[in-house]
Amino acid sequence: MSWLPSLHADTPEEGYEIAIKLSRMAVKKTQPDDNARDRMRPDYANNADSLTQVSLVVATNFQTVAKANEYWKT
Amino acid sequence: MSWLPSLHADTPEEGYEIAIKLSRMAVKKTQPDDNARDRMRPDYANNADSLTQVSLVVATNFQTVAKANEYWKT
Amino acid sequence: MSWLPSLHADTPEEGYEIAIKLSRMAVKKTQPDDNARDRMRPDYANNADSLTQVSLVVATNFQTVAKANEYWKT
Amino acid sequence: MSWLPSLHADTPEEGYEIAIKLSRMAVKKTQPDDNARDRMRPDYANNADSLTQVSLVVATNFQTVAKANEYWKT
Amino acid sequence: MSWLPSLHADTPEEGYEIAIKLSRMAVKKTQPDDNARDRMRPDYANNADSLTQVSLVVATNFQTVAKANEYWKT
Amino acid sequence: MSWLPSLHADTPEEGYEIAIKLSRMAVKKTQPDDNARDRMRPDYANNADSLTQVSLVVATNFQTVAKANEYWKT
């Protein structure tokens, strides 16, 4: 089973979840060690600037997902 | 009730509010602890560079919302 | 009166001013205290990297405004 | 054989791999020394903010690849 | 005379110059003091990371200008 | 002879080279002194975060070049 079978989302909220998944996958593929990623979690989850950058990545991916779904307009 | 039922906004100003909501939601989903987020607030609300980065995230999300609403032209 | 009644601009220069307004509004909504924002002004107005990031936000918003106005082509 | 014969990808997941390849190639072309790049790996693979920035680059390239493939919709 | 009468450029190179102008204007409007900007010049002109960020702003504005000119295709 | 006669590229790989050229040109125009740029090279070529940012600039320019070439699809 693919981790990304499609960019299709039934709703904007579901599309946002795909954007988050896309954002995390690049991290996972660069640092595949689950423990290493877990150890870093407090570093960014408690740092305002880190969280803002995470949000920038999600925003960039959400642009892609929203466009793929034609902004859920129809 | 979905936190993001639609990207539709009647006005640019309302669309900007959706962009802010999108920007904050990625932070909330990465750091779900309300108290933790509240504690970080002074860190970025009193730092010029942090605020600029927040504005970059909002700008990126506003691109999405504005396009979804065809720039409110018609 | 809305702070953003429309993305329409008669000229590119006027559109650029809207992009600046959009960029500042996210800061204002995150730090609504006028005095706090004024105190931070020397921090970024005298720092080259801060100014570059401000310019990145304006560039991102100008993409939106320029597209909304079809690049003032017609 | 070109390292980038095409932006075509049969699936979103394959497209994501192209986005990662695009992201790494700019690094490789700027620092062609394999050993130098290997030495830096622990620096970013164990730093949350570095990984977030890597993810931003992948997200930017994924926008390109997804659009090239018309979002795999048809 | 407007500093930005149009986004039209006859050639890609001329379009790139407009992108640079757009990038600098946001800095100028945020720090209107010519002397202050001149004093900061060595800070970013001799710092690799600062120059990379400057290039990111220009790239973002060049996207706008290139699109406005339909990529000089015709 | 213009340094950028056209955004046309016969292949994605050639388009990627144009994106790199675009990325470097903003640096060159901001710091025209060849020696100064050469002195900075080790600073970013041996710093993972610097290289990631370089890759972000290339990704942004590659979006432009890829679109100008209609993603080399036809």
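We call the chains A, B, C, D, E and F, going by the order they appear; numbering starts again at 1 in every chain.
Operating definition for what follows: contacts are C-beta pairs under 8 Å (C-beta built on N, C-alpha and C of every residue); 3 or more make two chains touch, one makes a residue touch a chain.
If you want to know which protein each chain is, UniProt gives these names: A, B, C, D, E, F = Hexameric tyrosine-coordinated heme protein.
Given the structure is predicted, the values throughout are model-derived calculations rather than measurements.
Under the contact definition, chain D and chain F share no contacting chain. Touch-path distance (fewest steps) from chain B to chain E is 2.
If you average the CA atoms of chain A and of chain F, the two centres end up 27 Å from each other.
A separation of 15 Å divides the Cα centre of chain A from that of chain D. Centre-to-centre separation of chain A and chain E, using mean CA positions: 31 Å.
In chain B, the residues that reach two or more other chains under the touch definition are 44, 49, 53-54, 56, 60, 63, 67. Chain contacts here close into one cycle, and each chain has exactly two touching partners. Order of chains around the touching ring, counted from chain B in the direction of chain C, is B, C, E, F, D, A. The residues of chain D lying in touch with chain F in their complex are 2-8, 22-27, 29-31, 36, 40-41, 43-44, 49-50, 53-54, 56-57, 60-61, 63-64, 67-68.
Taken in their complex, chain D has these residues touching chain A: 11-13, 16, 20, 44-49, 51-56, 58-60, 62-63, 66-67, 71-73.
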